[in-house]
Amino acid sequence: MTEYFSEVFGSFFAILKGLRVTFVTMFKPAVTVEYPTEKLVPYSGFRGALLFDAETCISCNQCVKACPSSCIALENATNEAGKKVAKVAWYSIDFGKCNFCRLCEEACPTKPKAVWHSKDYELTFFRRDEMVRCWKKGFDFVGLYWDRGAQEFKKPEGQVQIQTVQERFQY
Amino acid sequence: MTKEELKAALEKAFPGLVPASQAVGDYLTLRLPDAAQLLPVVTCLKETLGFEYLDMVTATDWLGPVNLDGFIREPNFNVFLPEGATAQAEAPKKTAGVEYRDAIELVWCLSNLKGRIKVFLKLDLPRGGGKAPSLVGHYKAADWQERELFDLFGVRFDGHPNLVKILTPDFTVGHPLRKDYVHQKDRFD
Amino acid sequence: MSSTQPLPHGLKSDQLFVNLGPQHPSTHGVLRVGLTIEGEIVVKAVPDVGYLHRGTEKLAELRGYPQCVVISDRWDYLSAMNNNLMFCLAAEKLLKVEVPERAQHLRVVMCELNRIASHLLFFGTYGIDLGAFTAFLHAFREREMVLDLFEMSCGARLTYNYIRLGGVMKDVDAAWLAKCREFIEFFKPRLKEYDDLLSFNPIFLDRTKGVGRISAKQAVAWALSGPNLRGSGVSYDARKFEPYCGYEKYDFEVPVGKDGDCWDRYYCRVLEMHQSVRIIEAALGMMAEGPVMGKGVAKVPKPPPGEAYAHVEGARGDLGCHLVADGNASPYRMHIRAPSFINLAILQEMLVGERMSDVIAILGSIDIVLGEVDR
Amino acid sequence: MSEDAKDPKPEAPKPVPETTTAAAAPAAAAKPAAPAKPAPKPLPTPVYNEADGRLLKERRLWPTDMWRDPWSQPRYRMAWVKLIVLVAVALGAALLLGEVGRFAVPVTSFLLEKGAAYGLPAWAPGLVWALVKIVLVLHVPLLSALVFVWWERKISAHMQSRLGPMYVGGFHGWLQTVADGIKLLLKENITPTAADTWVHRLAPAVVVAPALLAFAPVSFGKDLSAADLDVGLVYVFAMAGVSVVGIMMAGWGSGNKYSLLGGLRSAAQLVSYELPRMFAVIPVIMFAESLNLADIGAAQGGYWFGVLPRWFIFYPVVGQLSFLIFLIASVAETNRIPFDLPEAESELVAGFHTEYSGMKFSLFFLAEYAYMTLACCLAAAFFLGGGTAPLSFLDGFLPSWAWFLGKVLALVFCFLWFRWTFPRFRVDRLMDFNWKFLLPWSFANIALAGLYVMVLS
């Protein structure tokens, strides 16, 4: 008999303890970040969308070898005498296949890095062409995409840049 | 129970059992001369030596370096990438000192939870119609793992309740993890 | 449970085939269980897997060793650190590389943090399966803090690629260690709250006590591992069975259940979070200084021919990797002992005779991740 | 972006790579001799893009920092002030309005004279007064559904340390429910082909109508009830019973096996929880000796030892026990967690209202909140002395309807609180709990109440 009552009262107090937890949480401030109006800035080492600088790249193909899903392609530039130059004619990364693993940035021997991760985490594609980002001499770090329909380079609309002037690291 | 005790106990019970040429890490690895030896060794291990936990059943195809046609070469959307570029690791080549042979090597890993020791059993099966006795009688865990090996390697386990493929989709032809697997174009390519 | 006795007066109740999944709110991913039910009781259950099979074991045969670590993130994507660690341990056994002291401690801290994050997700989704929504959001509030820690240290929130061959990707600074201690201090009282909120709630106990009972012998026969096995009373933990990464230095107990029902498996995971907190505190205490990457690991490592088997206590069970190398830059054969794949097989025997609403509770308590089941 | 002069027209690259090498590479000025290694260019300082969203650049706030002093967050800076202002406004309105009930008599007499002056027949003002009362009472469930839906979303959000609706209508999303209502209005009304059409369409009506009708005898304050029925209590429970038929019609009408299962389960649950709910009220009737809700409320006036109000909940054992049984049974009546088996998402996908969309679905939604409000009004009337002040010296301070509203809000808060804390019962355990626990204890409770009445009389 007493065991029955102790079990009843025991479960009653357990229910009250559960209710206490939710009641107490109600008066604590919420942790929500209201996304479209408030945006989080990722930490310094965040591996967002890749950026590329055609000037510093010495087209050594290290990043092409390091990439697990072979997203990177580049072509060595040749000066007018036809001799290979330590520059790159064009460079492209296929963001459809890239899995942001930072192996290319680590393989890059240049200082500061020619290919590095930005802080942009909002990376959408409005067209399939937009998945393949291309860089040539004179393009800015975010790069343009080659629109096969209009046969011209266009600025990617899908990538929202956290920084208008993209940050670079000295190491 | 230490490795040496186990080795001695097994030597005494099964003289035909010889340590495998390529041991798995520093565990005790034994090679079974033929398929018929598997069940007696396993029953002895399970009943007398207390190996009642079947960790893993796996297989390796020792034919040679993997055939590059086995990988899906999706049409290259990246307009700048040369056609058909796959992973950048250079294609594997045959290396000396590795005994490539026309056989699929089955590997069982049994562990004795109390004695804190694992043992590996290896068995070579001919690639064509290799047949191995199924361990579902002793360990129920072998059920799905053997189905997976049948699915990916084409190894038949006689005595298995329902040897049906488990992982690959219905329309795949052939067994993907074999080294000479060539990928037929299916409706998704 | 009560098997379906024949109905009186020659009544015939025909069987209904119900498809649980592959799109179902509580199958945690693309798993389809074909249930044949009679009234409310399940008569036959056929789990159907393979929807997420990406053939990673075949992919690994054409990738270098560092690239395979990236593939390892995608198996048990809820605790990717343990996958990285498992593959790196197997490869390091082949390469005979000596991992520096600080990297060992960092690996232990990261894996235990990842175990907490994975168990928090289990705790949340198990609450939602049984109808308690608040537990889910409380658990995710803490999990966000762990993911912040990972974002600060290795830059990614889910697929870390942090543990590399011979060490760790990047060292962590003092600020990170302080923030990690801050999380631990915040997390301890929360664990007490979870117990009040869900673990000892009579309705929750009612739903899980005595449901889906697995005997110790049955668990060993089906080779379950992790909290599923320890819930049935068999204490097998890879960190104690074969200590790796310096686990023998930390003193922690392995929580073991009594009668292997859903509640024991659930509470083993909650107690494991307590133990992980203890391990992290000890590891943060004895964090050694020094390099984080071992010497002698080439850019394109080519281990000598040989085989290695390394197994790690993942969040879902005993995660093993059988690596065969033949001297090339890519592994010759890599087999993953996926605990979820093996734990899932017991469903066909366990679900028979259970009620429909218990099916959800049992499936949730086994805690499988489909990325690891299908590889 | 790059420093050196841009080429006049960027060289149009051929898409197929092998021809690029043939075409003349852009005439990069070939430097005659490798220049001295240029000093590393100073890296550009990053400029953050403030265009479309306030960037939380400073250290990301963890719960650890936020919970150290909760009220320092920018979001809550004025929170104390707003809270005090809201409470003050509410109390001021209640004090200004005062007892509404006393206006009833002068208004009816004024109507009678006016009617007689215009030569209206004698029954006209009575009819007009009845229509006014209907409109007023009809608004109680409708408005309360609106408010409580929003309140539930805010309460559940803050219980889960998140914010809930903040966007619609500005301050804390107070227009959210109206927006949902409009959205549901615009949604297409799908009737499944396999459905038994008129049963399918009629079901929501059969579920909602009793909920609205049941508010008639409820007395919201001193003589503030639409119909002063002597059999008010029996009438209310009769109305609550009709909704079972509606739910079964919904289950059967949708023509899909899941909603049929859900419909049958909820019918079983409603019928079985009706019993302990009624038996829990019998001690109240024995103490108040009347079925009229206004009399029950009045019977709880007065104070023991000047402090403790004579509410039925404060009767030593009988009060608390019957209050708890009534509360638990009402939660089960409204199909809310922990008794919400019929719409258990994880099992029956959505129970009996799987196939309903648009306005029909919102009617089910409205019915659930109307029944919840009804249950809280009844519980406040039976056990918390609807309309009487909790402490003797507070007696005249607030009008009786304000006290009644306060009690209803407290009880509705308990309903919401239960929903966001407890997991769900299993079907058979739900039935066991009712037949093997609630019912026997309600019988024992009635016996005990009988002893009280014998002793008191």
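Order of writing sets the chain letters: A, B, C and D. Residues in each chain are counted from 1.
Quick note on the criterion: a contact is a pair of C-beta atoms (placed from the backbone, for glycine too) under 8 Å apart; a residue touches a chain by one contact, two chains touch by 3 or more.
Predicted model, so just to flag it, every value in this text is computed and none were measured.
When every chain is reduced to the mean of its CA atoms, the largest separation from chain B belongs to D. For the pairs B-C and A-C, the larger set of C-beta contacts lies at B-C. In this assembly, the C-alpha centroid of chain B lies 24 Å from the C-alpha centroid of chain C. Inter-chain spacing, taken between the CA centroids of chain A and chain C, is 26 Å.
As a whole-number value, the distance joining the C-alpha centres of chain C and chain D reads 39 Å. Each of the following residues of chain C touches two or more other chains: 63, 67, 134, 138, 141, 148, 197-198, 201, 300. Shared interface positions of chain A, i.e. residues touching 2 or more other chains, are given as 15, 18, 21-22, 25, 31, 43, 65-68, 73, 75, 90, 146, 148.
Residues of chain D in contact with at least two other chains: 15, 17, 60, 63, 159-162, 420-422.
Residues 11, 14-15, 17-18, 20-22, 25, 31, 42-43, 45-47, 65-68, 99-103, 106-107, 117 of chain A touch chain C in their complex. Listing the residues of chain D that touch chain C in their complex gives 60, 62-64, 156, 159-162, 257, 337-338, 340, 344-347, 420-429.
Listed in rising order, the residues of chain D touching chain A in the complex are 1-2, 6-7, 10-13, 15, 17, 20-21, 24-28, 30, 40, 43-49, 52-57, 60, 63, 66-67, 70-71, 73, 75-76, 155, 157-163, 166-167, 417-418, 420-422. Chain contact summary for the complex, chain C toward chain D: residues 16, 25-26, 40, 127-134, 137-138, 141, 145, 148, 179, 182-183, 185-186, 197-198, 201, 203-204, 206-207, 355-358, 360. Here chain C touches chain A in the complex through residues 63, 66-68, 70-71, 73, 134, 138, 141, 144, 148, 151-156, 159, 161, 169-170, 193, 196-198, 200-202, 299-300, going by the rule given at the top.
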